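Two complexes are shown next, each including chain A; its partner changes from chain B in the first to chain C in the second.
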Partner chain A sequence: MSNMAMFSLEKNHFALFGLAPAYRLDLTQLEQSYRDIQAQVHPDKHAHLGEVERRLAMQWSTHANEAYQTLRQPLARARYLLQLNGAESDENSNTAMSPAFLMEQMEWREAIGDAKAAEALADLEHLAGRLRAEIRQREEKLQQALDVERDFAAAAEQVRELKFMEKLREEIHFALEALEN
Partner chain B sequence: MSYSTKVLDHYENPRNVGSFAQDEEGIATGMVGAPACGDVMKLQLKVNKDGIIEDAKFKTYGCGSAIASSSLVTEWVKGKTLDQALDIKNTHIAEELALPPVKIHCSVLAEDAIKAAVADYKSKHGTTVETNMCSSH
Partner chain C sequence: MALLQIAEPGLSAAPHQHRLAVGIDLGTTNSLVATVRSSISVVLNDEDGRALLPSVVRYLADGTTEVGYAAQAMQSVDPHNTVVSAKRFMGRGVSDIAAIVNLPYQFVDAPGMVQLKTVAGVKSPVEVSAEILKALRARAEKSLGGELVGAVITVPAYFDDAQRQATKDAARLAGLNVLRLLNEPTAAAVAYGLDNAAEGIYVVYDLGGGTFDVSILRLSRGVFEVMATNGDSALGGDDFDHRIYCWVLEQTGLFALSAQDTRLLLTRAREAKEELTFHPETRITAVLSNGQAVDVLLTSKIFSEITLSLVNKTLAPTRKALRDANLGVEDVKGVVMVGGATRMPQIQRAVGEFFGQEPLNNLDPDKVVALGAAIQANVLAGNRSGDEWLLLDVIPLSLGLETMGGLVEKVITRNSTIPVARAQEFTTYKDGQTAMSIHVVQGERELVSDCRSLAKFELRGIPPMAAGAARVRVTFQVDADGLLSVSAREKNSGVEASVMVKPSYGLSDGEIADMLKASQQHAHDDMTARSLREQQVDGGRILEAVAAALAEDGELLNDAERGKIEERMAALRVTLEGNAPQAIKNAAEALNRATESFAGRRMNRSVQQALAGHKLEELES
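Let's look at the complex of A and B:
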């Protein structure tokens, strides 16, 4: 039997890579562990083995890739941590955002729309900078809620709000792209 | 994905886009957002002293279906009482616009916007409306 026996589908994504389940993550270690696993389960390494082993290797390769993609992205990682703790981010059903937050969203959208209409490159870049700072702040709050306070309701709300911030980032990106072309 | 002709019509010629001044008499504002897609929607109702919605305006940042849903809702609520407006359900909106399943959440957002605006009106004016009605009898 190959060294794939060391893997277990029961393990959560963090354990798969030998990491403690936390939002704050050593991305270098994640990447290294991922490469190690892929090196062991890579289908080419099992080409000489039977069909069952090869299929198993393929399964593991896919599983490790999915796990890696989930942990690599901050929002996906947060969502996964919520699941591990029996909480959900309810992004599809929860539209009860705080009025102050929605007001801010309207203002962001208007500012982006105005800058886009005026083809004001400097304004868009300024907005992009402000947004980066805001997202960084929110990610720190999310880390605090998930890793320190273990307040999963607050973390779920932060995940929902960050989805809007992600949308703003896209909008600014598209506006900048349109100006540059 | 292809949009229905009704969605395209509302998207290209949205009805009642804009805002009322917040301090104007009888204005109710409902704001909602969908984390799944990052869409935000603001619906404002102008309610007269008889409790009828005289006018409505919307501002939506989102996809064509979200814009069409809110545009349609501004047309539908006019002339209705607040309670009648609450009878507008997302299924009616989705049916009218022939929204595909992946866009149903846009119609849910529009329904939620009506609820939010009515709740805003009631929290601001609810008691005074009742008082006026009682004193006129």
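Let's look at the complex of A and C:
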């Protein structure tokens, strides 16, 4: 009984928000649950209470933020699902990518580099659009692997590749930012 | 039979239940204090009916101070000892303020934060700010007729850890209990959101005296969410004054002015700026100390031209914030204007053009932040359940650690919702390395030298291992005020070190206590009396809270647990009758310990109840 609070804090992130563990997620419901929980546990709701309540509120609220951020972002959610299923994405240690993928990466980098050098805002924005579509497609595949086929090795590979795509997105973002300044 | 009591008109029937709490807008140019009275947020005026307190402090040779209008009046006469815009120096070193030229102060380079030399001795910006807060506290206590339970103090969203810590230190020095440091734009949105029942994406454009903030907020179903924030902590209305001042020098061929003349012309420049809000042109006249007369005509067209780059400087962070929030101008439902400087027509025009809509101006841009802060203070003090809304704030700057080669590894990225904690693992660089230096920095740049250094501490006693074998887990925790604490732990040996990030120039508890003592004339008696009152208020509050919790969720306890809690409540009640602050404190802490697991169960239940509705929906679908 006395460990009840800890038990709840240790529930997996999906259970915390009353959701079934899956990559395809009802984001509206996730958000609603997150807000409902924060409405209970946020430090602002406990500011007038004693030290114990304030400390608990900070722990709970921190935990809810962490869980929400993990589930809200597709890549973080996929990583977390892999972890729940005893698989890891090994992004730092496993760097064996398929030659086709690496070739594709080089082409992306070249295109971004050219657009940057030419200070071509429209080109960069076009690339950003293409990249968004590509990422969306890959996320579809990731969903298949995680939710339908439950092929965690394939999912892990998809996560590793998506991380590269994510880096490209950042690079375009920074290039756009630099151009606008 | 007891007679029925009837309260005087306008007074609450049960004043003892209402905890006195205020919202304070500690501004660069002006400060305000507001409170919620009969459910309405109002600014508290001074005895002459003025809402604004100029953020000006004058130090006199006898050690006394003048604050506000009295000090402002002496600005030209006694510029060295009259401190204006102290907020700009909060948590800032000499190198940070090097860009701020033509200031009539004698700066003293102290470790981390600059200090100012006055006739009353060397003063830190924290002490100057504390004088302003003291004046506001006195105004509030006089006007409300009692001691304050606490205050919400607003800070620019873009303030970094050092600046926030300095603000909190100033409040403590002024004897204020800080319920929360609240971002100014969020406070403004609270004031607007509640008054207008707004839903959607809002931009808060806040051009104050010395700082510019832009925040993107989402208001929906009672939740205020800061999606992104950006700004410039060294850009504000003062810079517009300064442009006018420079223009006057150009027009008249004046140079090398005395501090007093500089102050005089800057004051005239400010007046001209305010005139141009209502008139197409204004005449700037002054007689300098050498008898020379200044007389020039400034038109609003020229004013717009000489300040165009300043106006544009506000639009760059605005664009960045929109991009961080992944939004375009078409998504913005309204633009809330905050800060007296937004009254300038060229600002109104530029913002209107940028967003393609008229900015919102229904609340006084000088008061809106204080009004919102008061509303939040009322909730935090427990006067109102606050079920109606929730503020989910973010940190404005990324927090990270120095790694090999002077590079920054970000641990918590900017715009993360607070409170937030994140841990990252690091390892040793050399064989047999037994200590690790942890350097905490804040900022977006990749090089440590381009970021702000917050703290350095060492993790010692790591058992000698091969390079790369140690596993040091560094945990960052940012609380709801946006203040950081960092701890480090070596996993194999369990060696631990932690630091509450007190930036190198933050004040220690001891220093604050010393300053408090020094400022008290009847030091000992006052301190004891105050401490007793504080403990009594705290103890009473805890008793009240525990009693309410027992009434609400008592069934979560078995008889033995309940008995123990009641026993400690009784013990605390006994100490409250006496006059020993330490005894009250000990009894209150004992009660706190006894209720720890109860509090955990209650929190757990509230979360389950919050989700109960969804679980049903899930079963149905």
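Here is the rule we use: the second predicted complex is superposed on the first by the 162 of 181 C-alpha atoms of A that agree within 3 Å, B and C clash if a C-alpha of one lies under 4 Å from a C-alpha of the other, contacts with A are read in each partner's own complex, and residues count from 1 in each chain.
To be clear about the criterion, a residue touches a chain if its C-beta (ideal position, glycine included) is under 8 Å from a C-beta of that chain, and two chains touch if they have at least 3 such contacts.
Since we're looking at a predicted model, the values are computed, not measured.
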Dominant contact partner of chain A by residue count, chain C or chain B: C
Taking the superposition as given, does A:M58 touch the first partner, chain B, the second, chain C, both, or neither? second
First (chain B), second (chain C), both or neither touched by A:S33: second
Looking at A:T95, would you say it contacts chain B, chain C, both, or neither? Reply first, second, both or neither. first
Is A:F152 touching anything from chain B or chain C once the two structures are fitted on A? First, second, both or neither. neither
Is A:E166 in contact with chain B, with chain C, with both, or with neither (first, second, both, neither)? first
Which partner chains sit in contact with A:Q105 here, chain B, chain C, both or neither? Use first/second/both/neither. first
Which of the residues in chain C end up touching chain A in this complex? 19, 149, 179-180, 221, 223, 316, 319-320, 323, 376, 379-382, 386-387, 390-392, 416-422, 477, 479-480, 541-542, 545-546, 588, 592-593, 595-597, 599-601, 603-604, 606-611, 613-615, 618
Where on chain A does chain B make contact in their complex? 89-92, 94-95, 97, 99, 101-103, 105-106, 109, 113, 159-161, 163-164, 166-168, 170
Parts of chain B lying in touch with chain A, wherever the complex brings them together: 31-40, 42, 59, 61, 105, 108-109, 112
In the complex formed with chain C, which residues of chain A make contact? 1-2, 4-8, 17-18, 29, 32-33, 35-45, 47-53, 56-58, 60-62, 65-66, 68-69, 173, 176-177, 180-181
